[in-house]
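Before any comments, here is the structure.
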Amino acid sequence: MSSTSATTTDARPAHEEGHGHADRNARVHPLRFLARAEAALADPVLQIAIERTTGTAERKRADAVEGFPQFDKARVLGKRIKDHVIANLDHYLLAFERNAIASGAKVHWASTAGEASRIVIGLCRDAGAKRVTRSKSMLGEEIGLPHALDEAGIDRVETDLAEHIVQLGGDTPSHIIWPSMHRTREQVSAMFHASHRVPHGEETIEAMVDSARRELRDKFFSSDVAISGANFLIADTGSTCTVTNEGNAELTTSPPRVHIVTAGIEKLVPSASHAMAMLRLLVRSATGGDITQYTTLHRGPRQPGDRDGPEEFHIVLVDNGRTRMLKEGLKEMLRCIRCGACMNHCVVFRQIGGHAYGGVYPGPMGAVLTPVFDGLGAARDLPHACTLNGRCREVCPVDIPLPTLMRGWRDRSWREGLEPPAARIGIGLFAFAASRPRIFHLGTALALRVMRLFRKNGLIQRMPLLGAWTRHRDFPAPAERSFLAMYRDAQSGKTTPGSSR
Amino acid sequence: MNTSPSAVRVGFFATCLVNAMRPNVGFASLKLLEEAGCIVEVPMQQTCCGQPAFNGGDTRDAAVLARQFIEAFEPFDHVVIPSGSCAGMVKAHYEEALADDPAWAERARRLAARTHEIMSFLVDVMGYAPQGRSLVASATYHDSCSGLRELGVHAQPRAMLGKIQGLELRPLEGHDVCCGFGGTFCVKYAPISNAIVEEKAAAVERTGAQLLLGGDLGCLMNIAGKLSRRKSDVRVLHTVEVLAGMADAPAIAESR
Amino acid sequence: MSAREDILAAVRGALGRLSVDADQVKEEADRLLDDLPAARPALDGMVPIDIFAARVSSPKVAASLDRIGDLAELPTAVERYLQSKGLPRNVALQPAAELQALDWHGIALHDAPEVDECVGVGIARAGIAETGSLVFESGPETPVLAHFLPLHHIVLVRAHSIVMYLDDYAAAALNPESPPHRNVNLITGASGTTDIEGSLVLGAHGPCHLHVVILFDGKRSVTPQAWL
C-alpha cells in the first residue's frame, strides 16, 4: 500500500488539551486578548486598513448575492452537502484515499499539527529539497509549516503576493482571504525596496505587483518541492481543487518534481459536481466574484506524455482537532469553507482586526476554532468577546450557527471553572436573586436608591461597579420606583397607571 | 374594557431593564395592548428571563429562571415582551437551556410559540395600528440584533410609526449593525464596545434626526449613553413610548 | 495505531457507528444533486454561446473577444491582436497538432513558452457559459505552463464545445469514468490580485491579458452527455 502515516510515538498525549498549530509556544502571545485589542483600536493605520478591506468585501458580497437570486437555495444545498459528508466522513476519507492512490498519488494521514508538519518536512528531506515554493494555505499556517520549514533550513518561497508580504514582514496572516490586509502600500513598498533584486521604480501598486512578479518568476523554476493547500478534496476521483486569482498556484505546482498538498479532512466533497455547488457559494461569499480567475483540479502526478507536472504527488490528510470537533458538539463548524464572510461582517473583527485574536484564524470562525487548537484556557476570551448579534451566521454560506457554538464554549468554560471569580459571583448572585422574586424586587428597590445617589442632572456619569460603562458613556438615572412597584400600587388604586414619575 | 370570552389574554413581561430603569416603557406597552383589545395581566412574580446567565455560560441557572418564567406565563394566551432580546431568549433559547429535561423542553417549545416581542405582536397578531396620534419630529430607527435576526422584527415598528402623524422617519446607515451592547460584553470588553457604539452614535447624528427609536432598552441605553457623552441633542426613546403618545417623558439618558 | 487508524476510529466513534452502506451513501449524494438546477443561475433555455460571449466581454471577466468561422482564420485573428497591441510577431504556440498544422504566415512560432513569454496561443478543450471560463485539460498537447507564463494569452474555443453550467462540465468530464488528467484548469479572465490595499491589479503571476477567439464552425452544440 502506498499510503503512509505517522506512528503513535509521534502522537500527542490524549489528555493534553488543544492540538496546537505546532509543538512550540511561539504562538502564546505575551499580551492578553484585551490588551491586544486595545493596541489594535489605537492603531489608526490598522483601522483604515480594516475598514477598506471589510467594507469592500461586504459591498461586493452584497452585490454578488443580489445578482444571484438562487443564492438562498444554493446555501441550503451547500449546508446539506457538507452535513452529508460530515455524517459519512469515514466513508469519504477512505473513498478519497482509494481513488487518490489509484490516480498515482501518495496519501498520508496526520492526527496532529506536529505530525503533519513532520510528514511534510520528511517528504522535503526525501526529495533533497533545498528550496520549496508555497502557495497560500491556511491549513499550512495551522500546522506551523512556515516555521517548520525555516527550522529545517529549507529555503521557503511564499508565492502568493499577500503571503510574500507576510514573509517579508516577518509576521502572520491577519485575514484568511487577504493575509496582508494590515499592511499599507508604503510599508509594502519599503519591504520590496529592501528585499527585491529589481524593485519597483514608480510608487504605484501596479509597479509593486510587477516587482513581485519579477522577484518570484525564476523561483518557480528553481524549486524542488511545491506545497499547496486545497479548497476541496474530491472523493470519487481522489482529486484536489484549489481556487486562486494570481496564477502563482499553478506556477508553483507544475515545475517542481514533487508536489505536496496539505488539507484538513473536512475539505471532502463527494464529487466534482458537489464541488461546483460549493464553489458558487465560496467565491461570492469571499470576494464577491462569481468565480475566481483560476479553478484548478489536480489528479495524480504527471502522466506519460505530459510536458510538465510533478513526478510525485503527495496528499497529507490532517485531523488536528477536527475529529474532536465532531465528537464534542462542534460538528457544524466542519461545514466551514473558509470564505471569510463572517469576519468581514463582524462588528468586533472590524474594530480589532485579525492579529488581536492571537490565533491562526480570526473573527467568528476563529473564536470557535482557536479554543480547539490552543485549548479553552488560553483562548477563553475569544468566544466571550462577542455580542452574539448573529450577523455572522446570516452571511455564512453554509449556515454555521456561530453564536450557538460560541455560547457552547462559554457554557463549557463555566462548567470547567475557567470563568473569572467576578463573573461567577456576579452571575451567581444575580441568578440567586432572580429565582426568588421577593428578594429580586427588594434588591431592585435598593439598587434604584443607591443609583439615584450618584445621579447628577438626570445622568450617572460615575459610579462604583459601573466604571466600565461610565468610562465611555453616560448612564441614565433610573426612575424612583420600579415598574412592578408602580403597577402594583396602581392596581390597588393608590396611583394612576401610566405615570412616569 | 373588553370582557368578551374571545378577548385575548396577555401576560406582560416587563424585563428587568424596563422594570428598573424605565417604567414608562412598561406603561406605554400596557396602553398599546389594551388599545389593541387585549386583557393584560402583569404577573408580579416575574424577575429575569435568564439571558445574562445563559449568555454567560451558566446554563444551569438559566434553566432555573426559564422554568420560573414558564410557570408564571403558561396560563396566558400570549406572552408579550417589550424587548427583542428577552423575547428571543424565550422563543429561540429556552428549549436549548432546558435540553436536558425533555418535559420542560416541550413546555418551553409550546410557550415559545405564544411568546412575542411587542411590536410584532401588535401588528402580526392583533392587526393593531395607532389611531389619531401625532408627533411632529424627525426620527431614525435602530434594529436590535435579536429582534431583527431571531424574531424578524423590522417592518412592524416602521409600519406603526408610519401612522403617527407628523413623524418623519429617516433611514439610519447601518440600521442593522450591532450597537456593541451585547449584555455583559459592553462592560467586559468595554474598549471594543465603545469603539462600536461610537460609530453607531456618529451614524445616528449624521441623519440629523431629532429622535432615535428602537425596540430594546439595552441597545437604547448604550447608544443614548454614548450620544449623551458626546453632548448630542438626539433624544432616545423606546418605540412603544412614541406609539402610545407618551414621548413627552424625559428621553433615555437625557440630561436635565 | 497509525494516524490513519486513529482518525478513522475517532470519526466512527464520534458518529456512533462502525460502517456505512456505500450504496446508500452514493444514493444520498446523488439525490443532493437533484436540487442543483434550482441552486444555480437560471440560464436554462438560453443559448450557451450567447451567454458565454456576453460574460467573457463583461467587466466580470474583462477579456477581449474575436470570432472566426474557420480554423484556418486563426493566424489572421492572432495577427489582428498582435497589431492592436503593438506586439512582436512571435508567439509560443501550444503543441496541439491542429494548431501546428495551420498556415501561420510570417508569425514566428516556438514551442515551449519562455519564463517571460510575451504571447501564447492555445486552444481550450471547452468553455463554460455560466462563468465565461475556458477549460484546459493537461496532456501531451496541453502543457500547463502554456496558459500561465505568457503575458498575453490568446485562446481559441469552439462554439459547440461551450456548455452552460459548471456542473455540466463536471458531470461530463470530471467523473470517475472520465479520462484522468493531472491538471484541469478553469480559466476565467486574466490573473490579478487585490492584496495591496485592496486595489485590483491585473497581471499578477499569470497572464495580464486574455483574448478569446470563438470558432463558429457550424457544428452543432454538443450536449454534456456526449462528452463521455
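We just call them A, B and C in the order they show up, numbering each chain from 1.
What we mean here is this: a residue touches a chain if its C-beta (ideal position, glycine included) is under 8 Å from a C-beta of that chain, and two chains touch if they have at least 3 such contacts.
Just so it is clear, the model here is predicted, and its values are computed rather than measured.
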Steps needed, at fewest, to go from subunit B to subunit C via touching chains: 2
Chain whose mean Cα position lies farthest from subunit C: B
Identity of the most central chain, Cα criterion: A
Chain pair with the most C-beta contacts: A-C
Mean-CA-position distance for subunit C and subunit B (Å): 54
Separation of subunit A from subunit C, taking each centre as the mean of its C-alpha atoms, in whole Å: 30
Multi-partner residues of subunit A (each touching 2 or more other chains): none
Subunit C - residues contacting subunit A, complex: 1-8, 10-15, 19-20, 22, 25-26, 28-29, 32-33, 35-36, 38-42, 60, 95, 112, 115-116, 130-131, 133, 138-140, 142-145, 147-149, 165-167, 170-171, 174-176, 178, 180-199, 201, 203-207
Interface residues, subunit A side, partner subunit B - complex: 34, 37-38, 41, 347-348, 351-352, 384-391, 393-394, 404, 407, 409-415, 419, 423, 427-428, 430-431, 433-435, 437, 440-441, 444, 447-448, 457-459, 468-469, 471-476, 478-479, 481-484, 486-488, 497-500
Subunit A residues touching subunit C - in the complex, by the definition given at the top: 3, 5-8, 11, 49, 52-53, 56, 68-70, 73-74, 76-77, 80-81, 84, 87-91, 93-94, 99, 103, 109-111, 115, 159-162, 165, 178-180, 183-185, 188, 205-206, 208-210, 212-213, 216-218, 221, 234, 236-237, 239, 245-248, 250-251, 254-255, 265, 270-277, 279-280, 287, 289-303, 305-309, 313, 317, 319, 323-324, 326-327, 331
List of subunit B residues in touch with subunit A within their complex: 14, 16, 18-28, 30-31, 42, 44-48, 50, 52-59, 61-62, 64-65, 68, 96, 145-146, 149-150, 176-178, 180-197, 221-222, 224-226, 228-229, 246, 249-250, 252-256
